[in-house]
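Across the two complexes that follow, chain A remains constant while its partner is chain B and subsequently chain C.
So, the complex of A and B:
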């Protein structure tokens, strides 16, 4: 809707040159069909979240709701103290996203630009943070966190996921930085810039689209993590949204409309987050172009 | 390793300055390495230790030496689960990467230019949406859609008169793995798409303009310009999705619980079962150790190919 309403005037002459021939409408139509297929499951969730349990049992899960019933949403919100869980998830996912991006940038700078000896093996080692199945980490980490007194704190989950998520960031960024234009680095070094200055003034700005992608991924991945938060955040006031969702689901205390309501409430925050950061994902276009 | 790589620029800076620089870069790696040792290194060694014991998760583990590994190698269920994993690698890594490449190029180069970047990013957001869905919810939603009696998929077939195609998609051993594959493709496509679209932003637009002036068709530009330009991202995507498919257990858990009759069981889910359902933590640790070794070996081979391919290009 808003997609076509505002057009920057500068782009007009370029646009005029590229005519929209019939084939471009075919491509657009094909993509829209694909998108609709992708969205069907979400539509069903929204439908059921807005139904009453009676309506659900008479009309089935696929019928369009008669009206808008927010009781399911309200019940779920109150039962799990959703506001508190939301805050925990935001704190944990936000911190992990920020710290893991910083860690990834530092690691990737040493590996991709610094090209330190044995970088392939260091990368393999760091990637183990992700290759190791999480269920294998749970028991050892449980004992370690008890030893250092971090068990049942949000900090423990933040530290663990900062390391796990940064494995992907290190890999993606160091691959991208491996083909970083050397001339740009040499020029900066000629001007007497230190490695620290090169990192923040040249490398980070140029790779900003990739860094933005990492920030979005880390936030969403951490938001949806279940197993480790479930084990490490035992007290109710530390729990995250996806733990609350999973626990209630496992207890089978919810009917179908309430699970849909919980589903809807559970993904709204990440959808909002993604839509906000959509803009960062494309803004790099001009800022990041290497000439 | 360093000897294989030809110097990128002929006028090389003095040797001493270069190696002092290299040493300086180790400092940047220090925080990452320290955190890694604490959060991954030590627990992994502990996991290997546990794999030599018999342990229900509480009390004192009983040392049994290599017993778990011996049992593992003759455990048919474990090795059979690898066959299903091949199907998941295709569904989670290969198909999404291929579709993602075409979609990313179409959205950036075609929709973005002809209908504006905003149209492109709205479409991207919709395709990425399944990635936002927590695993628990994936299970709920798809169980509804694929339900044997009044599921949306079967209703749709009936509506167009293809009643004979209606099916218990997740309950029949023949179709269960295919149904899981379709769900995994649906989940995964958004991931390569977002990575590739961000990668395409690094590409100098004048390359495309030059190709367009030369009269190269869209497919030719896609094949000769787009794909080579985002080769680093393609490698990352393929490896990452392959690792993810070797580790997947949440989706299997919510969709089929490995069934029917082990038709959709995978090693990671098998290890999860041993850890938490059967509480055979020692055996679970042994599976996790073997799985980790397999993934690490794959990673090493893959990274060597990648660094050779990308290194020679420069």
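So, the complex of A and C:
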């Protein structure tokens, strides 16, 4: 028996057939209202991104724009060299997602399947570390990175977030792997698979939906991070998208139309990413991967 | 959906450290800074008066220093505020940067030894002769980091002050003249209020409300009072005549409808845009709006006047050029500051809606800008700048916002508000 032929023991979501009674229409209506409410801020951002500053000041933030005015978007793109920031964000978020997932899988393999001694305490420690606020970490991390000469490099942010994200990943995956079917592992061992082979041929393929969800979340979470990139990426050429958006907030004045334009540019990549991986996410959810 | 709590792992740090070090080492080069580059940071928008003037200064600097390139990076205000102590303490410090004036900002950095003492340069290059005494106060700090000290740690290029912006069309429609005395000012407020128009645009959620209150107090105060309050030179009593007058009059104005009750949760940005759209006849705020009003007010005529019948008004120097202790090209940084203090740059600042500290009136050609600078000269002529109410102690800004909101809501008496302000002030004083 080859390891790859094992069927993933994931239950297909059971779809109960239901009659359309009046209550389902009420739910539908409520959902539509909810969707509209959630879309309103987005619509306002789009409106203001397409206005001239004069139009904004005269007609207020809620008015519909007179025409499509793309100068704000263009100015912002050039002012902060947005292409460069996008590339930085992709590099940082992408590497963090990849490294953190690898690290989580390796850790969780030892904790969940290897059942090393003291695993409970390690998990408790990780859980406690999860609740630590980032503000408390900034100064120690700043001194550490300065000591090793990594201050103001993208690498420092990649390392920090790989560790932070994998702490959560390890915690989650360990509990998933804790209930991994033992029979499967024993069968593989009988066939003479090494520890390493068990991991890559059995454990990883079976838990792939969970791992994929982790990957997507790590990417989006890292993309939206603000405080640590703000502190660690001081040079403009290293900055990420979320830090670049902060440039527009002046001391006393704000440029509302350009802020909207930048907000729009800032969320578009995550929205696109979300749409691409939306299937992965929902699959992971129905498999009960998280929470 | 998945609300992620902030998290970190100390344990996993050990595991990841080894991985990362072998996976991708190095990557940082160019740390041996060549003397041919001036690293400059500031956080003014490219269209603002400072942004325009400093852009010109960079060009002039490069022209007069062949072979030197200015590496300018525009920063966010928040980034500089949050990270300056850390950046300046590392080898990545810029050679010159803009920084906020005041005890808790530039003062704090000077106390920590992160800024270069500019005193020798100031006397050598004669910058002190260009700056008036009230402007100098925020550029000089003592050993404790309190402003008005003996050592120069920054050079301001511009200043800011508060004045009343008014809508000329609305004044004409109601047969009102520009008020020259406080009584005339109150009459104007009353006329509008009686017709159902709220005369003053206010933002209770931000700095505006406390600035109204402080200005009212200042009409009954003198320079010693200001020094006691801002520089801890004497005892501060929030129940003295000036503060009591300020708080009670402010509460009274809300009651009479001069200041709208619903302004309690309004932000400064919204107070400004409603003035631009012509809904309010007056707004008392800073010169930082000037350039924007020049550009964006199209539907009516507007002008400004200084708060009538007062010896003191809010204002100070603008932000400072500081030279970090870790600057690798201090001489170039001094040269750059020198260029920004020259007439050419100062006049550009003036012509773009800024308040230059050392412009000549002939060099500023724009009529509106001339007015702005004339008012400023009047103020510095009588040493009338009294800084801002939130400066003396850390966290005072938020205290002031909360307390003035209580006055607007009528949920606390002026007496109670002053008692609470006193408490916050006393507990926040530097030891």
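One rule holds in what follows: the second predicted complex is superposed on the first by the 236 of 291 C-alpha atoms of A that agree within 3 Å, B and C clash if a C-alpha of one lies under 4 Å from a C-alpha of the other, contacts with A are read in each partner's own complex, and residues count from 1 in each chain.
Note that in this section a contact is a pair of C-beta atoms (placed from the backbone, for glycine too) under 8 Å apart; a residue touches a chain by one contact, two chains touch by 3 or more.
Predicted model, so just to flag it, every value in this text is computed and none were measured.
Colleague: Which of the two partners, first being chain B and second being chain C, lies in contact with A:60: first, second, both, or neither?
Modeller: Both partners, chain B and chain C.
Colleague: Scan A:122 for contacts with chain B and chain C and give back first, second, both or neither.
Modeller: A:122 sits against chain B and chain C alike.
Colleague: Would you sort A:38 into first (chain B), second (chain C), both or neither based on which partner it touches?
Modeller: In the superposition, A:38 touches chain B alone.
Colleague: So, does A:192 touch the first partner chain B, the second partner chain C, both, or neither?
Modeller: It touches nothing on chain B or chain C.
Colleague: In the overlaid three-chain picture, which partner chain does A:22 touch, first (chain B) or second (chain C), both, or neither?
Modeller: After superposing on A, A:22 lies clear of both chain B and chain C.
Colleague: Looking at the overlay, what does A:146 touch: chain B (first), chain C (second), both, or neither?
Modeller: second
Colleague: Of the two partners chain B and chain C, which one touches more residues belonging to chain A?
Modeller: B
Colleague: If we overlay the two complexes on their shared chain A, which of chain B and chain C does A:114 touch? Say first, second, both or neither.
Modeller: first
Colleague: Report, in rising order, the residues of chain A that make contact with chain B in one complex and with chain C in the other.
Modeller: 60, 103, 107, 122, 125-126, 129-134, 137, 159, 162-164, 166, 168, 170, 217, 246, 249, 290-291
Colleague: Over in the complex, which chain C residues touch chain A? Could you list them?
Modeller: Residues 2, 4-13, 15-17, 19-20, 23-24, 27-28, 43-46, 48, 73-79, 82-83, 86-87, 89-92, 100, 207, 268-269, 272-273, 276-277, 286, 288-289, 292, 295-296, 298-299, 319.
Colleague: Spell out the residues on chain A that touch chain B in their complex, using ranges where they run on.
Modeller: Contact set of chain A toward chain B: 2-4, 7, 11, 18, 20, 24, 27-28, 31-32, 34-35, 38-42, 44-45, 60-62, 103, 106-107, 109-111, 113-118, 120, 122-141, 143-144, 159-160, 162-164, 166, 168, 170-172, 175-176, 178-179, 182-183, 186, 189, 195, 199, 209-210, 212-213, 216-217, 220, 223-224, 226-227, 242, 245-246, 249, 259-260, 263, 266-267, 270-271, 274-275, 278, 281-282, 284-285, 288-291.
Colleague: Please name which positions on chain A make contact with chain C in the complex.
Modeller: Within the complex, chain A contacts chain C at residues 53-54, 56-60, 79-80, 99, 103, 107, 122, 125-126, 129-134, 137, 142, 146, 149-155, 158-159, 162-164, 166-168, 170, 217, 221, 230-231, 234-236, 243, 246-256, 290-291.
Colleague: Taking the complex as given, what residues does chain B use to touch chain A?
Modeller: Residues in contact with chain A: 1-2, 8-9, 13, 21-22, 24-29, 31-33, 35-36, 38-40, 42-44, 46-47, 50, 57, 103, 106-107, 110-111, 113-137, 140-142, 144-145, 150, 152, 155, 186, 189, 194-195, 197-199, 201-202, 204-205, 232-233, 235-236, 239-240, 243, 247, 249-250, 268, 271-272, 275-276, 281, 284-285, 288-289, 291-292, 295-296, 299-300, 303-304, 306-307, 310-311, 313-314.
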